[in-house]
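Look at the two complexes coming up: chain A is in both, with chain B in one and chain C in the other.
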Partner chain A sequence: MSQHATATPPATETHQEPSYLAVSNVTKRFGAATVLDTLSLSVGRAEFVSLLGPSGCGKTTLLRLIAGLLAPDQGAIEVGGRDLTRVAAHKRNIGVVFQNYALFPHLTVAENIAYGLRAKGVPKAEQARKVENALGLVRMEAFADRAVTALSGGQQQRIAVARAVVVEPSLLLLDEPFSALDRKLRETMQIELRHILRNLGITSIFVTHDQDEALVMSDRIAVMNEGRIEHLGTPSEVYARPKSLYTMEFVGQSSRITGVVKGSSESLVEIDTPFGMIRAPGHFLTGSKVVVGVRPEAIAAGEGPAGEYNTVRGTVAEVIYFGSRTLLHFQTAQEGDRLHVELNRLPDTVEPGSAMTLRWRVDDSRVFPAPTEAAR
Partner chain B sequence: MALFGSLFCRLILGLVIAFLFMPILIVLTVSFSSSAVFAFPPPGFSLRWYASLGNADSMLQAVWLSTQIAALSTAISLVLGTLCAIAITRGMIPGAKAVATFMASPLMLPGLVLGIAFLQAARDFGLRDTYTTLLIAHVVITMPFIMRTVLASLSLFDFAMVDAARMLGRSYPAALWTVLVPNILPGFVSGGLFAFIASFDNYPVSIFLVDVRTKTLPIQLLNQVEMSPDPTVAAISALLILGTIVALIVCDRLVGLKRMASI
Partner chain C sequence: MTLARDDLAVPPTPVSRWQFDAKALIAAPGLVFMALAFAVPVLMLVGDSFVDSQGLSLAGYRKVLGDPYYIGIIGNSLQLACITTAVCLAVGYPAAWALARIKGVWQVVLFALIFLPLTVSVVVKTFGLTIMMRRDGIINFLLVNLGFIERPMRLVFTEFSLYFGMVNVFLPFMILPLYSVMRMLDPRLMDASASLGAGPLHTFLRVTLPLTMPGVIAGGTLVFSISVAAYVTPGLLVGDRFMTMSQVMAKAYLNIRDFQLGASMAVIMLVISAALILASSYLVRSPGGEKH
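Right after this comes the complex of A and B.
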């Protein structure tokens, strides 16, 4: 059911400017395995786009193709109107921040940053000035003469960013740059890096398997699955209006209730589920097997007005307490189904076994064709 | 009891060290002997055997030949071995493990077998030039030493650094030269040192390949001992010991013996 990603974003999205990075119909195979399948992606100037997906979805391969460290079997890659498909990596002027930063341990911090300037033959005096600027950008001025091996993970990341941007690349690629950092530092660095890159106005492609990271940092997210882009959209589009069940389940928490379409009217379908009739926006033939998805925070306790809301009754199976919020798992009748509800304030009496009435807006329900047995 | 055990261990340690050093000390002493034969302890002190080295043309030629062969074969092995090691570590070739073992196999074969094989092969290929034959054979002899240390160094090397260098504007060869080479320098130096020594004092392979005019130092030394066993050979040996010490000091200054020993 996964449709091919289209080169141009749908009309509902606001990015209509001519694309700066254009990946068109790129296919990459390793032996018998097709890692990228006629994939297209277009990114506007100064945009920050995340490639989000599980390991093996092809996101790192796509990054390496753009960098020129791999060559595509088919398709073309253009940056700023220049066809780079057959251009060697070292002539592309694309910056990369690698997963483990790949700093050069035999050079000092300043020498690491100057490496690209030296390679490009920038005069010595200008090198020194640019290195200093770059160190200032990442607030590491005091560390110029240190050994990179003496730096902490966060500091190494700053140097890696400085080294990549000091040569003023036409595009910056980031390969899971936060995976080596602990959670607290990661959150600080995410915001800081986003700030730096926005100030520089540099077009960035960011590879991650962490949905939170993608949601926090991106202008747009490309959710990838099995060598294709499942959904390309802004973080809120991807989260609130996922185009596929895969996107719904990969990004964020969700409930999932399988049912059969009983009827449809205008733009609504009525679905017969073990929880009773559920209505959702969409167009499906009567009799189709479908899956209803709802975000856990869209569900509230208690009944709602019948026209706008779906109301169901369920039995609590598990109560998971997070402090500021509580997650309730409800019992479901079918295998693979789940009903997860996130509440900020919990009714006093809720415990496993309690019965509860739940409601959510019809508009907050998403319907997808049920995956075939083979696809699951 | 514990005291006795500790004393016993120290005694054994002392004896082993003495055992290892004794031959070297004897050679050094004899080289300063005034006697015309190998006599220990020497009857008196003199520098005549060092002075006589100036006239020992065939010996000096052998030193020069061995130095050339050792230096050239080590250099060739360093370049070829490193490139092979990169291909093996990066999994660019099928059966990489088998290839690595094969490249290191000359170390496990008796030198005599290799020597006979080279003699036969050189004949079959019509290779008449002794110098070239020796050089090829010594590349094979030195290769395992380079392979072993360079493979070990590469297993600790993050190849993303080479990618990083390429993305910063260096071609692949330039990236290897500016990033890979400085980072695995200790491996190069220790591998190179062992390779040089293995070539320099190789006897069993070279003996099959030399001719009357082209003799490597070990073969020339043995000839000399057989024909006129005077302390000239001791003087040569003493100079070789000195040369080794100098080489070790230089390596220590260059990369540190500790880093070399850890590979």
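Right after this comes the complex of A and C.
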């Protein structure tokens, strides 16, 4: 059970050419703080990869290193087989969509989009044609001559995307581009942007701290923590088979049950927990302290066949009603351990204090080594 | 998360242009003071420029604008102001940039180095310069002993010493407005420019310079309009060899007692400065400055 990220991505059919972008053993320090620690990442051509993590995990630093806006202390960055580690940002042909869009306030919408074309010496007539295409791509044709400062957040976002893709970059980097938009607009823009980038076939690296955004948009997600990649995988791999407790808890909801391994057979371990004996797939030495993680939607009410299911009894601590579903919290003796259960239909009468029987598939339990005291 | 919904912002209530706003009354003490200390004397000055011992006359203006000697002096002042402004801009722009980009203790140090000289009187600074530039001063001492020149050369009372002294005095007035504009400049705009393939020079000409132009105009106007009226520094560093408009005014009032001449020269200087300030405020508002 490796707790930390491995350099090579798991082989999936989505990337035949696994290293269009290759970040190898990159380290970046700011003063005494190591922000990125020998980090490696490979991304296939036309792939959409999200860097997901809390603020301060190094995801924006990694983005700036790839863009050439920062230089790594160690390691190398290659795109399409070309070593870019010491190449200046303006010679990399890597597009960036910034968090606040960074549109040029003294230029109109069309001038903003033409900026990169002009810098690259594209002839005037071709500039005009490409700007028009780019405006059409983001459905902003009517705004060509407006001042960018007169646009709303969503409109500015579209122009920022158009400006970045019009120069046909070899790689597109997006730094939390939706964070300034309200929820409804954000959801629309996520789907639209993904659609645009798919059609253009641009390899994209997307930085976000929003797990839902990462799950919705990505081909693969790199979950980052303290300057390292904890887990790199498809959204379903990251969600359903997280490689670490950190990934399990950062991506999606989960319950945490601490316990001690009492025995193991073949590929199953038996764990003594405050809820009783729980079985889970994995290999651990008898006596090791572990944490069992379960997704709330994997848990159902009532008993199941003993061979395939873990069955526990618990006392309801809280009932949280969401309309389409209900979340129940179950108490245990262990401080901090709470079993979160998500039910689509509430059985008869459930209120705090009532006892319930719950079950989940043995295969749906994930076991991780218990975090050491120092790490918590 | 309604932060970005700028389309929901409340539009300002339409106010008739000339409707009186009681908030304006707060400016009353300042206005009264300026009326007594500035407007009244200026009006008296303008009046003086149209009057001689016989009554109404344009003799003062005829003298100043008709005599090649005085035209030359106006030229001197304009040349002095132009060169001082240009050198201040060339030296001050990078300094202001550094000031706006640096953080922490170094910013404090830079600030002190640039603005502490403002607390020293112009007279003291200029005398200091003349001491430094004398034949037995430190500059000549260094140049001779390092073998650059054979014998001490003349530095004081040259135009070089004048420009040197002027830039020394007026540089902070260029840096301050530039700094305040550059501080507001989002560094990501330069990152965006680079990511779009623009090299440093292209970025400077197409992004940095246009966006800092309001600071260039403000600093340029400030330095120009005070250096065109400079009196102490030219007087101490070159004296009568390089007459400026202010020196003519002082002479007219103090020595030859030709009040009309002094007043006429003063009004011409006032017109130059006022025209410049009007032009600069127009420039800041028109395209090329900030867009609204």
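Note that in this section the second predicted complex is superposed on the first by the 365 of 376 C-alpha atoms of A that agree within 3 Å, B and C clash if a C-alpha of one lies under 4 Å from a C-alpha of the other, contacts with A are read in each partner's own complex, and residues count from 1 in each chain.
As a working rule, a residue touches a chain if its C-beta (ideal position, glycine included) is under 8 Å from a C-beta of that chain, and two chains touch if they have at least 3 such contacts.
None of the values given here were measured: they were computed from a predicted structure.
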- [ ] Return fit or clash for chain B versus chain C, each positioned on chain A through the superposition.
- [x] clash
Open item on the list: Taking the superposition on A as described, I'd like to know which of chain B and chain C A:168 touches: first, second, both or neither.
Closed with: neither
- [ ] Determine, under the contact definition given at the top, whether A:272 touches first (chain B), second (chain C), both, or neither.
- [x] neither
TODO: Could you look at A:303 and tell me whether it touches chain B, chain C, both or neither (first, second, both, neither)?
DONE: neither
Open item on the list: Under the stated touch criterion, which partner chain does A:90 make contact with: chain B (first), chain C (second), both, or neither?
Closed with: both
Open item on the list: Quick check for you: in the superposed arrangement, does A:100 touch first (chain B), second (chain C), both or neither?
Closed with: both
- [ ] Look at A:67 in the shared chain and tell me whether it touches chain B only, chain C only, both, or neither; answer first, second, both or neither.
- [x] both
Open item on the list: Which partner chains sit in contact with A:119 here, chain B, chain C, both or neither? Use first/second/both/neither.
Closed with: both
- [ ] Jot down the residues of chain A that show up as touching in both complexes, chain B in one and chain C in the other.
- [x] 67, 69, 88-96, 98, 100, 102-106, 115-116, 119-120, 163-164, 167
Task: Complex contact set, residues of chain A against chain B - done: 67, 69, 88-96, 98-100, 102-106, 115-116, 119-120, 163-164, 167
- [ ] State the interface residues of chain A toward chain C in the complex, per the touch definition above.
- [x] 67-69, 88-96, 98, 100, 102-106, 115-116, 118-120, 147, 149, 152-154, 163-164, 167, 173, 180-183, 186
Open item on the list: Could you list, by residue number, the parts of chain B that touch chain A in their complex?
Closed with: 158, 160-161, 163-172, 174-175, 178-179, 182-183
TODO: Spell out the residues on chain C that touch chain A in their complex, using ranges where they run on.
DONE: 1-7, 186, 188-189, 191-200, 202-203, 206-207, 210-211, 288, 290-292
